[in-house]
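So that we are looking at the same thing, I have put the structure below in structure tokens.
All chains are identified by letter, namely A, B, C and D, in their written order; residue positions are counted from 1 within each chain.
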Amino acid sequence: MIIVMEADASEQQIAEICAYVQNLGFEPHRSQGVETTIVGIIGDDRRLDANVFRALEGVGQVIPVLKPYKLASRDFQPQDSLVDIGNGVVLGGPEVAVIAGPCSVEGEQAILEAAQAVKQAGAVALRGGAYKPRTSPYGFRGLGEVGLDYLASARVATGLPVVTEVMSPAQVEYACERADVLQIGARNMQNYDLLLEVGRTRKPVMLKRGLSATMNEFLLAAEYILSQGNWQVILCERGIRTFETHTRNTLDLNTVVALKGLTHLPVVVDPSHGTGRRELVLPMARAAVACGADGIIVEAHPIPDASISDAQQAISPAMLAELVKDVKAISQVVRKMAVVA
Amino acid sequence: MIIVMEADASEQQIAEICAYVQNLGFEPHRSQGVETTIVGIIGDDRRLDANVFRALEGVGQVIPVLKPYKLASRDFQPQDSLVDIGNGVVLGGPEVAVIAGPCSVEGEQAILEAAQAVKQAGAVALRGGAYKPRTSPYGFRGLGEVGLDYLASARVATGLPVVTEVMSPAQVEYACERADVLQIGARNMQNYDLLLEVGRTRKPVMLKRGLSATMNEFLLAAEYILSQGNWQVILCERGIRTFETHTRNTLDLNTVVALKGLTHLPVVVDPSHGTGRRELVLPMARAAVACGADGIIVEAHPIPDASISDAQQAISPAMLAELVKDVKAISQVVRKMAVVA
Amino acid sequence: MIIVMEADASEQQIAEICAYVQNLGFEPHRSQGVETTIVGIIGDDRRLDANVFRALEGVGQVIPVLKPYKLASRDFQPQDSLVDIGNGVVLGGPEVAVIAGPCSVEGEQAILEAAQAVKQAGAVALRGGAYKPRTSPYGFRGLGEVGLDYLASARVATGLPVVTEVMSPAQVEYACERADVLQIGARNMQNYDLLLEVGRTRKPVMLKRGLSATMNEFLLAAEYILSQGNWQVILCERGIRTFETHTRNTLDLNTVVALKGLTHLPVVVDPSHGTGRRELVLPMARAAVACGADGIIVEAHPIPDASISDAQQAISPAMLAELVKDVKAISQVVRKMAVVA
Amino acid sequence: MIIVMEADASEQQIAEICAYVQNLGFEPHRSQGVETTIVGIIGDDRRLDANVFRALEGVGQVIPVLKPYKLASRDFQPQDSLVDIGNGVVLGGPEVAVIAGPCSVEGEQAILEAAQAVKQAGAVALRGGAYKPRTSPYGFRGLGEVGLDYLASARVATGLPVVTEVMSPAQVEYACERADVLQIGARNMQNYDLLLEVGRTRKPVMLKRGLSATMNEFLLAAEYILSQGNWQVILCERGIRTFETHTRNTLDLNTVVALKGLTHLPVVVDPSHGTGRRELVLPMARAAVACGADGIIVEAHPIPDASISDAQQAISPAMLAELVKDVKAISQVVRKMAVVA
């Protein structure tokens, strides 16, 4: 961390800052510029809060030099992490994975049919919600544990690994026994007790970006999971909230590219929530793969208009088959392209 | 809910929409405009998801007529809710309450001194975090249950009611025994299991607005708590995330005024998180009271620069005393002003 | 336009609304729902301001049925507009055009060398600013008319059509004589006198989206130009301003796809301003083409680090050559893909 | 400016940076930290673009030390600027000014009646638009020069100074002869030719903040005007664009307080555009004064519902009289309050 003193900071103020740094167990390093004095902090200062210094007298600016996350960074692990979610499906490797399924598990037969449709269309994993976070307490909140049982049956019947959301630490154990990937939804990206709980399991976790989470906050949420020893973390960009309302969210592919540079973790894209509109799903899935996403997770339903929730963004099995085909075609082209930076 | 068909919707599409509405257990009401047909849905359609209709063929727009929340609305309860948090302090009534204290409980002696300073400055309740949500897993996450014990001691010593955050359902019981108001932080505004859990208690709850929560989402989060029978909910505006970064957040006083019109629940304002800068706290507290806030919750510390967390936004006891004085002065003036709309 | 009355609107209020509509020269059409009354307005009500009705007593909601823009919409002209910018380069047709060049014209020799490098790399048109909008009055604001002369020379020497920005109505005439496409920058998207002025020319216009312009506002800005009889309008998505600051802007490809559905005008993407970081330009250009953009406009400089302005987002000729190659490869794959909606 | 090199920057890279700085006519000052090397730039580097350095090899971060604006800053002029707009009305002094009037000049008789109503309600200046920026080309765009003539008549009849918008350099001369304050609208905050043109006059200018302008950009736009020798600049906060849509904009009072600290220019607040809803205007005007605004500019109309534009945010003469009274009452209380920072 570098502390840039104000131009008119007094000698005493500078001395106090240095003493303050020493009290915290770090070594201050003072260097005199022409217009201002700079105090550097020596050591791994990730656990220091830059704001603590900002409040001190005579301090102009405080500039972190180290990235705030460590385990998630490429500096720490240069090579790509591979996350094996079962049945030979690996995220972060050469194949772009398509994960698909209904927004929520609607019944035993329903999820089975959905799984079969998804498999036939070429997707390699099944998504489906047993616990549904709903903005209104009056909405359908999912089938709960029974829904997880149905998902497990669909997994047995089709062989597809299952991705499903957990919303609370108490749900994690049951979900671990029935699913292959625990999903943390956007609303819970900073539900730290939940992050720590899934961090204590050894199940792959798909962490969705919060609606207004910066890239740094997203990586720090992943760091919570990694810090518990669970290295199987998949990041998922699913759109951010902006002033633009003609789409449900603004899919931020810039961040997908930036993430691939900064972290070794696989990054998948959810064009369903990222757009909120069925007709945009296919083009945005193509774009996501073209800029380097490791996978696509998408809402698909045997009869989209009959979906209990999120009907307007669910795609049909026919569209899903197109999506799988397109993703492969673009992925093959992109893989041959040069990395020039 | 009103469904506006597309101008070129076919007779069959209209008939299918009507049948669909009936299948959901509602009565469709068709009316023929000149350019388009309109299908109204009769009944309390709050539990219907407008998006379900948006996906159907021939549908142009879907317009909810009812507000999505019910128990929280002034239509449901026209008179102001009064929330008694103990020791004679009532939110939502004629007195504007000032709640103050350190960001986090730093130790037994520290919180006691802070409580005494806060009381002496004229604040009527104590805030302080035993569980601290931190963006980084490497930050100080609070003292936990011991911190709650210290808070309880400070309460006994000063008589001040205590406001403290819970981050997870498992923490609620212990906190209920030691604190007077359970705070739900901004990051957890849509942590639904937590909302339901505090809804099952009969403790006052202070619900902070999420960083990117719309007013509707904020009221629906309150509705989660109310729906469990806990009517003692206090809303807290604490700044939203926008493109502007020179302040930590953008304090949205527009929404405070709008909330006072739409809901009977008390609304308090947090100018500490809402600005993130000590020198803005006092002026924005004044503004909050001038536009009708029922209370101010503010970070104060005996020695602000020595605060473990959020130092740059904590105010000193002297500033807090000014704040209490100013809030009273403005409140008295505003109370005499006419309501003209 | 549809006016949904409040549930408790009186008969007199409804009658007054109907009278009001008639006074404006339109026919009201009243239809009685169960919970509320609806008043439809018959006729082309685009020139009516929905807000006028929102203020009237008893009005609950006002819902526009017609799109606010007309000439720009696909309803008005279903087939794609082709904009010929000279030398055989057509925007909106089967070929994806790459337009490249330095941020600003730095000198006669400099722009000539840049043009030659750009041409050699495979780009089909030259961009370069003679008038530079700068946030600070102390920044380099471009060479002005001399810069336009240099651009004209580079055009003669290379045959590349020239795209250049105009910032004020007074600059339009001189620019028309020396350039092939008049660019309206993001800051001027709602500079209406400028829009009308370029609308009165018969030069192709590249209209960049404003930093916080909604899709509707963007199309209405295009409508200003079209309304003056100039049909050669190219839309350019160049990133919007959001809370995320690790990239200069957030490139909104969702809107590119949505625009291709709603308007017949060609849509190009600027990944330089859309990301602000050199290493993101190439991947995001790939993504833009994958989701259907008609062209890419990009900042390229013979020696990027020596660029007077926007150095950190300019790419080298070698990267530009890669970009041109990649854009072609992806475009060929995408062109064969099915349109499934 | 301070350049923080990357931890692994080579000696040659550091030397090249130093040489680069010298080439630009500045003196580099190198200081060796423990983890990294820092290169300071000596001299008034406001005209340097930090981004130029960001692109160079080995550079980690570039931190501006000087504020980007100079003439607008309190460092340059510590005491408050007083802007006299005529008839004894001074912005920036002890009196809080209320400026009111219709959105647009609707006719000679109409503006006269409006002016008389505004005066009677206690406002000290008249606002009214002759040139109206409209999102749609099909909206009412104002009466133009005739509207300015009518405003001049209303000024003669009532003695009220007149505030009116100019949208293009060509309109400035005529407006100067008929009005007392030239308003630059939010959409034109970065229309630099217009800023320079009003900067060349010696008329007071009211500069409205752009919809997505940061505080720095706002002050730099003011700097454009000041740099031409026109020191009579009034800043106006009128709401920013955020994700929240239940109000037309989000009034950012945080920035009003921050501006009062950073600049000597007077700051007024527009609660009409800042909220977009009549019932919020009065409470937010109170809040604006409570946090230190120098004036309020508000849309008022003799018969608000009959206003041609912006009807839903216009207030009646009776509400305006309340507003004037409330503003005075709060202003008197706030003036006595201590400045504690």
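Just so we're on the same page, a contact is a pair of C-beta atoms (placed from the backbone, for glycine too) under 8 Å apart; a residue touches a chain by one contact, two chains touch by 3 or more.
This is a predicted model, so every value here is computed, not measured.
Visitor: Which pair, C-D or B-C, has more C-beta contacts?
Guide: Counting C-beta pairs in contact, C-D comes out ahead.
Visitor: Centre-to-centre on C-alpha atoms, which chain is most distant from chain B?
Guide: When every chain centre is compared against chain B, the largest gap points to C.
Visitor: So which of B-D, A-B or B-C is the twin of A-D, meaning more than half of its contact pairs are the same residue numbers?
Guide: Interface equivalent to A-D, from the options B-D, A-B or B-C: B-C.
Visitor: For chain A and chain C, what's the span in angstrom between their mean Cα positions?
Guide: Computed value for the inter-centroid distance: 31 Å.
Visitor: Chain C to chain D: how many Å between their CA centres?
Guide: Computed from C-alpha means, the inter-chain centre distance equals 27 Å.
Visitor: How big is the gap, in whole Å, between where the Cα atoms of chain B centre and where those of chain C centre?
Guide: 39
Visitor: Quick check: what residues of chain D touch more than one other chain, meaning two or more?
Guide: Correct list: 212, 241-243, 245, 278.
Visitor: Across the complex, what residues on chain B touch chain D?
Guide: 212, 214-216, 240, 242-247, 250-255, 257-258, 261, 274-275, 277-280, 282-284, 286-292, 318-319, 322, 326, 329-330, 333-334, 336-338, 340-341
Visitor: Sort out for me which residues of chain D touch chain A in the complex.
Guide: Residues in contact with chain A: 2, 4, 7, 27, 29, 31-36, 38, 40, 42, 60-61, 63, 65, 212, 241-243, 245.
Visitor: Taking the touch rule as given, give the residues of chain D at its contact with chain C in the complex, in rising order.
Guide: Going through chain D, the ones touching chain C are 46-47, 49, 51-52, 54-57, 68-69, 133-139, 141, 167-170, 187-188, 190-194, 211-212, 217, 220, 223-224, 227, 241, 278, 304-305, 307-314.
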